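Labels A, B, C and D are assigned to the chains in the order they are written; within every chain, residues are numbered from 1.
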Amino acid sequence: MSILTLFIIIPVLTIIGILLSKSHMQVKWVAVVGMSLQLLSAIGLILLYLAERRAGNMAEVLFVQDNVWYETLNIHFYLGVDGVSVAMIGLTALVVFAGIFASWDIVDLPREFFTSLILLAAGVFGFFISLDLFTMFLFYELAVIPMYLLIGIWGSGPRHYSAMKLTLMLMGGSAFILLGIIGIYFNSAPGGGQLTFDLIKISKQNIPLDAQLFLFPFLFVGFGVLGAMFPFHTWSPDGHASAPTAVSMLHAGVLMKLGGYGCYRVAVFLLPEAAHQLGWIFLILATIGVIYGALGAVWQKDLKYINAYSSVSHCALVLFAILMFNQTAMNGAIMQMISHGIMTALFFALIGMIYGRTHTRFINEMGGLMKVMPFLGVAYVIAGLASLGLPGFSGFVAEMTIFVGAFQNADTFHRVATIIAASSIVVTAVYVLRVVGILLLGKIKNEHFETITDARWYDKMSVVALIFGITLIGMAPLWLSDMITGGLGPIMHKLLAAAPGLN
Amino acid sequence: MTPNQLMFAIFSAVIIIFSILTVTSRRILRAATFLLFVLVATGGMYFLLRFNFLAAIQLTLYAGGIVVLIIFSILLTSHIGEKLEKPELKKIIPAFLAAAGGALITIATILQYNFPVEVVSMSERTNIRVIAKSLISTEKFGYALPFEVISILLLAAMVGAIILAKKRKD
Amino acid sequence: MFEGVPLTWFLITGTIMFFVGIYGFLVRKNLITILMSTELILNSVNINFVAFNKILYPDHLEGMFFSIFIIAVAAAEASMAIAIIINIYRRLVNIDVEKMNEMKY
Amino acid sequence: MIDFSYTVWILLIPLVMFVVVGLFGNRFKPLVSGLAGTAGLFVMWILSLVTAYKYFFVLEKAADGSFQKFLAFNMRWLNLTDTLHIDMGVLLDPISIMMLIVITTVSFMVHVYSIGYMDGEKGFMRFFATLSLFSFSMLGLVVATNIFQMYIFWELVGVSSYLLIGFYYTKDSAVSASKKAFIVTRFADLGFLIGILMLSFSTGTFDFLTLTGANSPAFSSGTGIMFLGLSSMTWSMIFIFMGGAGKSAMFPLHIWLPDAMEGPTPVSALIHAATMVVAGVYLVARLFPIYIFAAPVALDVVMYVGAFSSIFAAVIACTQFDIKRVLAYSTMSQIGMMMFALGVSGYGGHEGLGYMASMFHLFTHAFFKSLLFLGAGAIIHAVHSNVMNEMGGLRKYLPITHATFLIACIAIAGIPPLSGFFSKDEILAAGHERSLMLYWVEMIVSGLTAFYMFRLYFSIFWGKETHYHHMPHEGSKWMTVPLMLLSIGAMLAGFIPFSMFVSSDRIPFHSGLEMSIAIPAVLVGLIGIAIATVFYRKETTLPDRIYNALGGFSNAAFHKFYIDEVYLFITKKIIFNYVSRPIAWFDRHIVDGSMNGMAYVTNEVSDRIKRFQSGQLQQYALVFVSGVVLLTLLFTYLMTN
């Protein structure tokens, strides 16, 4: 039993606790206790990991646990983490923790709501810690399915449509992923021997090139759908707009990261040659996505749509960075995932709180809210500034790492892509400031808003935790960046072997 | 033409002509009558083949029972003078094609196939005793089990028919 | 050949009767006429059974027993069918098969 | 070697102030947070002065007689590639120390002044917290050890400027001005970022010491032709200058500066006159060796942009009526001159006169321009208006402001012996050596400067007698004392032998006044003043007639040459309506439409298939029979063949 098992056990116990609890209050507190424990164990994991590394443990993955699960197909329950997954687990724990507080106001069926929410979280945790492709896929599905219920039951607006659309598109993606994974499985022992789903073992093999070329698009597009890759991003605005607050937070903050992480951990890591040959196609899509999402956000009037398009832009930057195939950009990609995860969760939390008070999400119906809700207003400004990549917040660190890394590719194609992607920081500034200006500043347009109250203790809890996250990374990024770099060794090794001449 | 052949020809002609009339007649009561003729002719076939018991059943059960049942139900559900509407052409054509095609194929197959030519010179009338014994026998060529199953089926059918046809209290 | 009548003659008669029944089944609208078509089909099968029995296996009685059972089943079927038809008639005041598609899709 | 590592506290004090005042400020009385901020700044001011003293007078010079350039403090912040890493630290050299003094001095004065000026405002605490943030970022910018640190703080000054311009956030004009300032400078920063990326790629370092040292990789790498016949080094320096031009409000990225005057006046004095807007000049000065040795074309760009901006802004300044806008355009014009001076400069000794002149002017300008703004603040405080038409004859009501304002006006007009004269003279001298045409352009600018400043002065303090609703009166001591102190600076700063401290190669040299340039310059200034006196000393219709006589030109100048409208057209019309809106439409209808289309097709197909399940018994039977027949046919066919 390694410490990683905790990340599955705690959610399961929490769910049991929730199902056993008698009142609404009890349900919430059980969830809070469970997820606080989860956050603590995530912090513990980060510290343990850093300690192990400092002690000189240079194994590729740490805290390994390996049980045979289904022998016939050689499926294992195989857990282990490297620097990248540890960082993602930290992100998930933080966002889930904040998400519980952000959904404090849930009135309908709180028991079922929190159960689904934590089930989703369990899926995400499982995804990040598994090293067996099949288990990974299993957890992936576990994370996607509750989403349908969460949006369909607790959502707002055209929630059935959105939930259906989101689920169908993500399921389409998972079909691709499943195909890719099975394809990899059947190519996992090119020299003969037992077929395996074991990620580490497969990474030591060289999958034949034609198989790689066939499988790579499936895996990349499959994960890319979840990572809101252009043009498969349209579930995101509708889905986010209809989802309840905590679900938007978790979805944009964590679930979309599954896509980026999958692209990185499965598609590029296991199929490096194909990634090299086909990467340019997806690089074009990612670059379009970066600028397209940003420009798309400028015109929107619904807060959630603005943020969803902004997420499209930011997540496209993740894929963009992964496809740059060098250590710096990869590092930036992971940091961007973490940074965007916290940031967008903060955004959605705030939007939910604002919506809960004003009962509208249309920015032109609001105005001057800074005066009546200074705490939320300032938090929104902070989130906005973090989003547009202000130094001192995590976004800057991630984006700069990406751009510096991307610029190391000296050919014109990559240069142009980098400059186009970099220009999104201006557009981001435009839409962020536009929203801040209309929403928070100026005069109060509606006299009903005069009586609005500011954040309550649980709102503050959620917001403060997330702001702490973005500033911590923004002010002192070195530990995180080094931790991630430590985990990038194997993938860079494979990529270098696939195409010498990269750095 | 032997008498047998003559008899066969008559029965066969009755069967074919009246079955066609059964399915085409637009007066439903007439159709039922034509059906009765067909069933009787079939019974004749059984006699021809020296299955007297079977023929008797055919006449009593089919011609006597079922046809009467059908006529009752016709009387219950429609008026005597009522003419059924003509079936639509778009229904007739595919049905005719399917039926005719099926018939042609089957007949062609029958004609092509070489049945063993074996003349049954002396054909005994089947002894009713033998039939009765076989029906309750549990040995080889015994039909005790199907017999029981059939009796249960008939019982079930009777109960079901009563329940279905019973007038609702509401 | 049975006393001058070849087996194929019986079979052809049965076949024609069978497909006439099929035709009736496909074309007729009235449920009772459909039931009558079914009876035609059953009878045609009976003819085949007994013809095979008598001409090919004269020492056996299987064909005849099958016919007996078929008649029994036909009787059961007819009684059930008529009960259902009457029931439907009570509810819908007609017994047009084309109007009975409540359970489609 | 003296230990300078304490200089990091100059950075940390305002950061701590920001956090403390920002988070806990509303627990105290407003005055407490103001005083705390001011006290912090006082400590920083003293520290800066001590540092300057120790650096210039105590620390021994390097072997070649130059002032040393070294890292007083350095810390790894982020690793990027094997060679590239971002550090945080303190770099000391003459210009960074000069900037420390300028920033802490002006900032200190502005803090003191603000206690009086902002008294009773809502958000007093927020104001001081943001000022602290600004001080922190600005100081971080000037002491940056590497170009990325500079970029980081560059962004931070941008955001503090945004927050301060939008201080009166319930005022729509302030909100849009702050937005505009941020976005325009952000756009420029994109250029800066691209420049940094290119520079760091070809040199493999961010570090200023390496980049501007004697064996800088910038001199040898990136020299290949890249695009439009210019080397990649030149392009990267042009891009970096774009960042500087944005922050320093050079044409055509100047449009935010006049609008930025929506912020509280002390903010305008500190950020938009003395410190932040000269960051661009500082940036070019910081990278000067690269400009001069590796990218002379880029330096020419700096020169032309500077010269054009200075005359462009000077012309507009003559036509504006809002006193703060006049000062804003004046700032732009003066910064243009600084840029121009850098652009014409050579390297080393007297060759580097322009560099020295630029820094000198930056130094003196900080004093008199902040003085002007603070004076303007005092006037606005007294009159509650920004527009000079509503003023007149104020000299009786505001004697102290009047005196200090006059001193500042004389200083900026370049009349000896006030500070502006000396620095402007050096700029003209440097320009004269390089290009006669641009020299005369700057001469005209200098005359225009004198004219519009005195137009302002006379309109406010002389001119028509206006009746005020409230009797205008001087502000409290908090406000008048900084004015007096700054006016001393504006008077005396010119006597500092600047070339002994700051020079392009850090080796002191002597530069005297050149009478052949000083005399015409003074004459031009006097002519400008004389014209202004004739026009505005008494109320006349003369200015209006001249204005009308110039017709379209003056009208265009009044409308700032319609640059704003062009921008508005590009952003609102093109970007917003013709790019973003179609994208939103495209996304909704094409991208999403194709996804929905797929769903629609699936639905339709299923609907069609569903219809097979018609519930028609006979249909089923027909299909069944036909199927059997066809299958039989098929099998017979197969078996017979």
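Note that a contact is a pair of C-beta atoms (placed from the backbone, for glycine too) under 8 Å apart; a residue touches a chain by one contact, two chains touch by 3 or more.
All figures in this text were calculated on a predicted structure; none of them were measured in a lab.
Peer 1: Taking each chain's centre as the mean of its C-alpha atoms, give the chain farthest from subunit A.
Peer 2: Result for max centroid distance from subunit A is chain B.
Peer 1: Using CA atom averages as chain centres, what separation in Å is found between subunit B and subunit D?
Peer 2: Averaging C-alpha atoms per chain gives centres 104 Å apart.
Peer 1: How many angstrom lie between the centres of subunit B and subunit C, each centre taken as the mean Cα position?
Peer 2: Inter-chain centre distance comes to 6 Å.
Peer 1: Give, as an integer number of Å, the spacing between the C-alpha centres of subunit D and subunit A.
Peer 2: One centre to the other, that is 36 Å.
Peer 1: Hey, how far is the Cα centre of subunit C from the one of subunit D, in Å?
Peer 2: 99
Peer 1: Among all residues of subunit A, which ones touch two or more of the remaining chains?
Peer 2: In subunit A, no residue touches at least two other chains, as defined above.
Peer 1: Would you mind listing the residues of subunit C that make contact with two or more other chains?
Peer 2: Residues 22, 26-27.
Peer 1: Where in subunit B do residues touch two or more other chains at once?
Peer 2: Correct list: 91, 94-95, 98-99, 102.
Peer 1: Show me, using the given definition of touch, all chain pairs that touch one another.
Peer 2: Pairs satisfying the touch definition: A-D, B-C, B-D, C-D.
Peer 1: Quick check: in the complex, which residue numbers of subunit C touch subunit B?
Peer 2: 1-13, 15-24, 26-30, 32-33, 35-37, 39-40, 43, 46-47, 50-51, 54-56, 58, 60-62, 64-65, 67-69, 71-80, 82-87, 89-90, 95
Peer 1: Mind listing the subunit B positions that touch subunit D in their complex?
Peer 2: It is residues 91, 94-95, 97-99, 101-102, 105, 109 of subunit B that touch subunit D.
Peer 1: Can you list the subunit B residues touching subunit C in their complex?
Peer 2: 2, 4-5, 8, 12, 15-16, 19-20, 22-24, 28, 31-32, 35, 38-39, 42, 45-46, 48-51, 53-54, 57-58, 61-62, 65-66, 69-70, 72-74, 76-78, 84-85, 87, 91-92, 94-96, 98-100, 102-103, 106-107, 110-111, 115-120, 123, 126, 130-131, 134-135, 141, 143, 146, 150, 153-154, 156-158, 160-162, 164-165, 167
Peer 1: Which stretch or stretches of subunit C touch subunit D in the complex?
Peer 2: 22, 25-27, 97-98, 100-105
Peer 1: What residues on subunit D touch subunit B, complex-wise?
Peer 2: Touching subunit B from subunit D are residues 618, 622, 625-626, 628-629, 632-633, 636.
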